[in-house]
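Structures given as structure tokens follow.
Both of the next two complexes hold chain A, though its partner changes from chain B to chain C.
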Partner chain A sequence: MASRNRIRPIRKPIINKELSDFEPCWELLRGALTDVHTKNAGHLSFEQLYRASYKIVVNRKGDLLYQRVKEFEETWFRDHVMPRIAELISVNLVTTALIQPPAASAHERREMGEKFLRGIRDVWAEHNTAMNMISDILMYLDRAHTSTTKNPPTWPVTIGLFREHILKTSLGKAATELNYSFVVFDILNAVTLDLINMERDGDIIDRNLVRNITAMLEALYETDDEIENQKLYLTVFEPHYIENSRDFYRRECEKLIRESDAGTWLRHTQRRLDEEQNRCETTISTWTSDKIAKVVQSELFMAKLDDFLSMEGSGLKTMIDNDRVEDLSILYQLICKVDKNKTPLMGPLQSRVLELGLEIEQNLKNTDFSTFSAVAGDADDAAEGGDKAKVLTLSAAAQQTAAAIKWVDDVLQLKDKFDNLWTTCFDQDIMIQSAMTKSFSDFINMFPRSSEFVSLFVDDNLKRGVRGKTEAEVDIVLDKAIVLLRYLTDRDMFERYYQKHLARRLLHGKSDTQTEKWMVLRMKSEMGNHFTSKFEGMFKDMELSRDLTGSYRDHIRNLGDADTAQIDLNINVLTTNNWPPEVMGRSISQEEGTRVDCAYPATIKRLQDSFFKYYLKDRSGRVLTWVTSAGTADIKCVFPKVLGKETGALSKERRYELNVSTYGMIVLMLFNDLAEGESLSFEDIQATTRIPAGDLTRTLASLSIAPKARVLLKNPLSKTIKSSDTFSFNAQFVSKAIKIKAPTITSISKVEGDEERRETEKRNDQTRAHTVDAAIVRIMKQRKQLTHTQLTTEVITQLASRFKPDISLIKKRIEDLLVREYLERVEGESAYRYLA
Partner chain B sequence: MHYCKKCARYFESAKALKQHREASSRHAVYVPYVKTTTSTRTMSSAFPLWGTEAALPRDEEPFKILMSSLVEFYSNGEYSDLVISCGEKEYRVHRILVCAQSKFFAAACREGFKEAQEREINLQDCDPWLVHIMVHYFYHLDYDVRGQSESGHFDGSEIERDSTGASEPTLVTHAKVYAFAEQYLIDGLKRLALRKFKMVATQSLDVNDFLQAAQEVYTSTIEEDRGLRDIVVETLFKHPAWLDENKVQYVIKEMGALTFDLIMYIRQQGRL
Partner chain C sequence: MLTNGHDNSPSKYITLVSSDGFEFVVLREAAMISPTIKGMLRGQFAEAITGRCQFPEVSGVILEKVVEYFHFWYKNRDKEDVPDMDIPVELCLELLVAADYFGLDSKLLPTTFYKTTQESVVLTFSLAFFALQNKHEIPYSMG
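Coming up: the complex of A and B.
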């Protein structure tokens, strides 16, 4: 180039020259291709080869080159590659792999299969490497030529030879000899799957080899267009693999259900899932992970899930009953993978909770608490009823109490058990929690006395909290009680019982006020203000009364009245509405029609008047009713020296402080005026004191039967009080203790008898009726007009926090309100309108 | 940048590019054929987008630091693991950098052939000046047709330039660089050459240079490569007066493909 500014003669395209250009270039390339195939390319210059092919393409001879290369490769493949594979395919191999069910031993089959696969792999590896190098050389051809024509690039075409001429044909003579048509791919699949099944059965196989084979299938496509989801691995091998695995696991599952138990099955399933996952990572392909997991889940796990779960001795029932935590964890994990709703687990779990719950109730009926209590005497508050020695024969009421405590204890234990399973096995699954809660709620509410029993349980624990148990322990128990409370639907019933029990605890000072208040606080946060308002009122009454007692005492001291000062009055003024009617003595007045005040001794009467006067000073217009049945009295008794006894306790004068019920005091005061040796009959006493017969019986029993406080002698000596009995002062009474508590044989038994129970329910129904009335009126006042169903639903939702009202009750109340003209019917519709 | 890889053409807007692609099935998006020796081939996430976190403006500084240190390694040849030779010259370069920018070099460095074993690629039949431009581009992502004399590590003080000392006609050089980049599959360089060619063709233009370049364009690349051809045709169309010149007539007469393209272009413009 002498001068770049001058126009050079144009390079004329000379056809002949181009052709002659092509041939030398092609010769060069052809030699290179051969060298590449014979692994002899080390001396070849890539640059030179690339430039040769580039030159051909630029001179528009790409098509020709493409054809030549294709021809060359096909010829090469036919002459050098296919024979090697054909050699591998023996009649024996085809027979073993495809035709007969394996007659050869696993070892033989493995040897044969691995040999075959190794052959395929080696040939593939060589072919693959060669094709890589060749397509590198022909890179420009692919870039410029094949992308403008419809021909696929050289790489898929040449690599595709492997598919067309090996995998999809039957090489060798085996096909004709056996008169059986197959393609190599069939053998490849069969052998590979056989190997995998061997591994599943515990053999050790060449995983790497299998992985090489699957990698080959991943690199090959159905067509030369190389559509991504048309890889041979996906289109041919994987479906086979899945189908084969499905069969394998179906058989395995059937075997398991015949031969093993649910625990083994669960562990086995878990292990198989892990294995398959691992197999996909090391041996097959991660593409299959999800699919094979689904196969194992459906064939091995879901297929016989119900059968396994209901298996006698190892199924879900046994797992739950024996706290097989590990089994349940695996079960939960597996079910989570299969079913988001966990229905297969949830159903049986719920019914098991229900079953166990009903079992508790059943057990309760079958247990004889009269003997039971003798063993667990301290669990029984009836111990108050007498000495421990006497516990053996418990009163019916005390047995009932024991039953109640046992019931709640059992329910709590059951709850603990399932809570434990929930945290350790079920991953604190919210759905399972709500399902279990529902089941608990169901069986607890199916038990008619649940409200009463829960209250009794709290009662028992609060009382026992004072003696023995540490605060922390009580806390835990009460926490659990609150949980139970959540399950109760008839909360108004519970409220009623709790009120009753609380009243007794407060009046007899049997519990720690701090704990009581704390408990009420918890209920308040759990169920709302209205639920605990009465309880809080009761606490307030108690506090006011304490102040009142104190100030009254000061008042008396200031008066300096020596006569009344001898009696120390401790008074509790109770607001009628806050306290249960039983305590207020209203039930008695209802039963007997008129209220009879018993005759108090004069000194007591004076005291009452004095207090009443004091009380009215600040609170005029109030009425005080004395509830004799709820009070106690401390009496200082003097037992004179018994004549004729010079030694022992009887020889001295004895002073005791006797703690008796108010009735007891009244009765004992009668004996003060009696001369020595005189006696009073039951009728005499009743006539004088006007104490109701039932109360009197109990009072006398406590004073004349229990040996600890037998200050009266009964004639005749027997264990029961009859109206014909007579009583006299027991001058010979001796006790080691100075302070003696006369056992209270109370009518207020811990558990209600059937009759009392009916009574309570009746009363509760009355209250409910009022509550429903109030709710209806409240709703109608607000909404003015509502249909019957709307109104019913609203009432139910409003009252849900307190109890579950009967539909028939609501209907009855509506009718009643219609009669009372709070509501009127809307013409032609089943609706109501509010009447202001 | 709206660029049709297949035709190596730029478009002013995405819409124009889209129309262009839809015009013919041949203009389907050009996807380079890539094959790997391993079984998995995923192209989708080859390049993470720079600006995925839209809120954070891109910091140019690290980019500059990287580029300047690349130039440094080019100058002193440190860590070099490949030699590109051409005639007397030897360039000590870095495989990773070269292979990342050219599929040709990537393939040449792959196991199997002589180059991979000897760690040397001999571009014996190439214009040493173009090889120099290429290597310079690898490290600077730019080139300059007016002789640059950076203190390279290669042998020989300066690439032999035209003995007359006259400056190389720029359009021809760009056309040659373009063809060279196409041959050795350096897409970045090809784009750059195209842009430079276009700039010169629309600004300072010398008829002689243009004619020479036109010949280069129409002989050095395959017909389907539209990039420079379109610019040549457009430029010719914009300067109808040139057709009165003998030398221009001579060239057009000789080059049937150019004549054909020109007629089709005029037809497209609605003038025929």
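Coming up: the complex of A and C.
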């Protein structure tokens, strides 16, 4: 091996020979320890001291050094540190802090407490610095010596002196003079907590000082082993702090509930939580953040939550009713922290929705809608145009319609309100949304007429859309209507009403087709295809009819028949299944045998025949029925100059275009053949035209009572039509408008009367029965055999999107199917088998 | 050793003095790897005040190697797969003692550093391994 590769032996140090023995080394160190304690270390060489302790350890005298240092420190502590602390502890301090706290004023207590804490802090700071320096010097001792023996390192032993001989001891005069056992730690806790409570009450305290004290407790451990979770802060101070805070907030909560309202309480709780958070960061320790937050939440917030929420005039009810957005936001934030399910908020919220919903219904019953006649008139052509008698006869229906629209409006307003709260206060919480949806659905379905009312509402808005309202506005309203649809469980009822209302709108051209189609499209995406198939069929009928009318006109023009060309025929061919029976003429719902066609004037009859011929040319085998009650006619009328009138409108010949129902047209045509001054009785008219009495009454009323279109004179002049009345041509008729629309009663979408409603329900129940039948058969065909309960559940699930079938209905349908031998009972079980 | 002395702020550097009077100016942060030097500088002793640390029992040759190690560690402190530092065989025993004196013990090193460099850069260990592998007789006698 080359010589440069030979390992050089360790050369013995030549200098500092004196350091090879223990005593000189210890002497050096002892002097240094004293200097360190007296803050006089600036001249000392760390290297020298370190090397001294290094030498001792290397010379295997570490144990001795350890003992000497320990003895030195204990002596020093007893002689120089403890007396300073003992001086701080006066009898007065102990009495005030531990025995009779309220004896002194807050100011005095604070002064005294802060003085004590400052003393502790200063002594601790010195001790801590000194111990740090000493343990640095003795680093080698700790590393090489104490790690091999069982002794704890010098640092915890020396720093622990503070715990053993100060915190856990009673010191000072008070210990001897008072007949009261305590340790310094008790005073420390009591004084610190007293200061913190003072700050909670609004005083200003020395936060830094308190922070220094808690930092000291964080640095000290229960034992010299320094186990992480055994810090004095955690084992002694924190439990005291939590207990003290619990008391404080319990008292505060009791005070608040006696003297304050819910809004103040919420804000206060919020503020206290922030304060405690802040206190943990600046004054005590962030370790306590979560624990103290829990204390505030449980003592100040949860403890009396229900009491506060049900407070009269400021509780949850008031917050919701008065849109106290801020209160509700705080409430939501706080509850989120405490309860993931938010049950304390959810329950009252739901019941409030329900209450408000039922209130709407209650209001509806209590409101006198005659005061709403302006609104109603706005919604209804007829009421607007009718004279006084008309208003009276119509008012009941019109008021009800107004009520329906008001109900929906109110429900939507309520929905808007809660949606608004949901966005601004509840952070768009999904759970709250579904809870509110459920409550809305509950009260809407508790109201028996909701389906009809929603449809009426849509009807009203679509009609209004034609006049005035901007498209965007209508869109918003319709969007909301769709939302309401989602809540309805009896969707088949809605479908029925919507069909009826849609038919009227389409036939009378009352709404914009684009908007109508868009609405149906929306419903389709909400409820599925089967729901809107009939509506789409209706649109299709209308379109086909338009084409048909066009091609028929071309056909006539090509014939060159000048006579019939004078009447412009606009025809709507409607498929029976798609249109509601009401529109398809009462005849459908009545017995076939009693149906009578009314007598058309000859010109009309010719026109009808001509169209029939044209229509059936390409479509043989179809049956066309005239639905007179659903049609209208535009008639050009000429009113002659009235003799004896030289000025004014009456002095000239007047031409008007009159829009009347088909019945109205038939009736008016009769008067064409009448000589001047002649009249016709009600019975005459009925006999000639064979119009059903009810329709005729309505028709005559619209022509002889409403001032806007009074082209007939009635004798006697009264506001109702009797069969004994006679009618004559009103030659003196004047109108400002050239085009006049005779009010048609059938075109008004109004709330059904009780009888009509029963009729509708009956019809709906029939349809439901069929639907249930179909569902049962479909299920049984697939499953072959099922128990009664299983079958019932399946049926309900299948039909959920349409309506909620009664259990009794299902049972009845099963019985019926058993009789009709679609099903049979399984022997000995409550089960059924499908019979193919 | 003032290799990357672009910043001449005095507090960033300290001076180490060997028994034979060699002076080494070291990046303070690099020297702090040694708990001994760290203790020296954080207290209120003469070294902390002057920023000058004298080592009457460490020769210039050894101190140079120790200082080289400080910078080697500092340069590679965030790296992985760091190669061993070149250690002259003839110095290894003296270096072992010096490493002990300076507290360069694996247990005292930051765990991240220990993890990334494994035993390779830990001076005490590598020296001990070296000595054992080469079956040198260790003339180790203190005092």
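Quick note on the criterion: the second predicted complex is superposed on the first by the 787 of 836 C-alpha atoms of A that agree within 3 Å, B and C clash if a C-alpha of one lies under 4 Å from a C-alpha of the other, contacts with A are read in each partner's own complex, and residues count from 1 in each chain.
What we mean here is this: contacts are C-beta pairs under 8 Å (C-beta built on N, C-alpha and C of every residue); 3 or more make two chains touch, one makes a residue touch a chain.
All values derive from a computational prediction rather than experimental measurement.
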Task: Scan A:Trp155 for contacts with chain B and chain C and give back first, second, both or neither.
output: first
Message: If you tally the residues of chain A touched by each partner, is the higher count for chain B or for chain C?
response: B
- request: State whether A:Ala215 touches chain B only (first), chain C only (second), both chains, or neither.
  value: first
Message: A:Gly263 in the overlay: touching chain B, chain C, both, or neither? Say first, second, both or neither.
response: neither
- request: Quick one: classify A:Val57 as touching chain B (first), chain C (second), both or neither.
  value: first
Message: By the touch definition at the top of the document, which applies to A:Gly315: first (chain B), second (chain C), both, or neither?
response: neither
Query: Regarding the shared-chain residue A:Gly172, is it in contact with chain B (first), chain C (second), both, or neither?
result: neither
On chain A, the residue positions that both chain B and chain C contact, one per complex: 4-8, 10-12, 41-47, 49-51, 54, 58, 129, 132-133, 136, 139-140, 143
Residues of chain A defined as touching chain B within the complex: 1, 3-8, 10-12, 36, 41-47, 49-51, 54, 57-58, 60, 128-129, 132-133, 135-136, 139-140, 142-144, 146-148, 153, 155, 215-216, 218-219
- request: Under the touch definition given earlier, write down the residues of chain B that touch chain A in their complex.
  value: 6, 26, 30, 32-33, 35, 37-40, 103-104, 107-108, 110, 112-117, 121-125, 162, 164, 166, 168-169, 172, 183, 185, 208, 211-212, 215, 219-225, 247, 250-251, 254-255
Task: Name, in rising order, each residue of chain C that touches chain A in their complex.
output: 19, 35-36, 39-40, 42-49, 53-57, 59, 89-94, 97, 101, 103, 105, 108, 131, 136, 138-143
Message: Quick check: in the complex, which residue numbers of chain A touch chain C?
response: 4-13, 15-16, 20, 39, 41-47, 49-51, 54, 58-59, 129, 132-133, 136-137, 139-140, 143
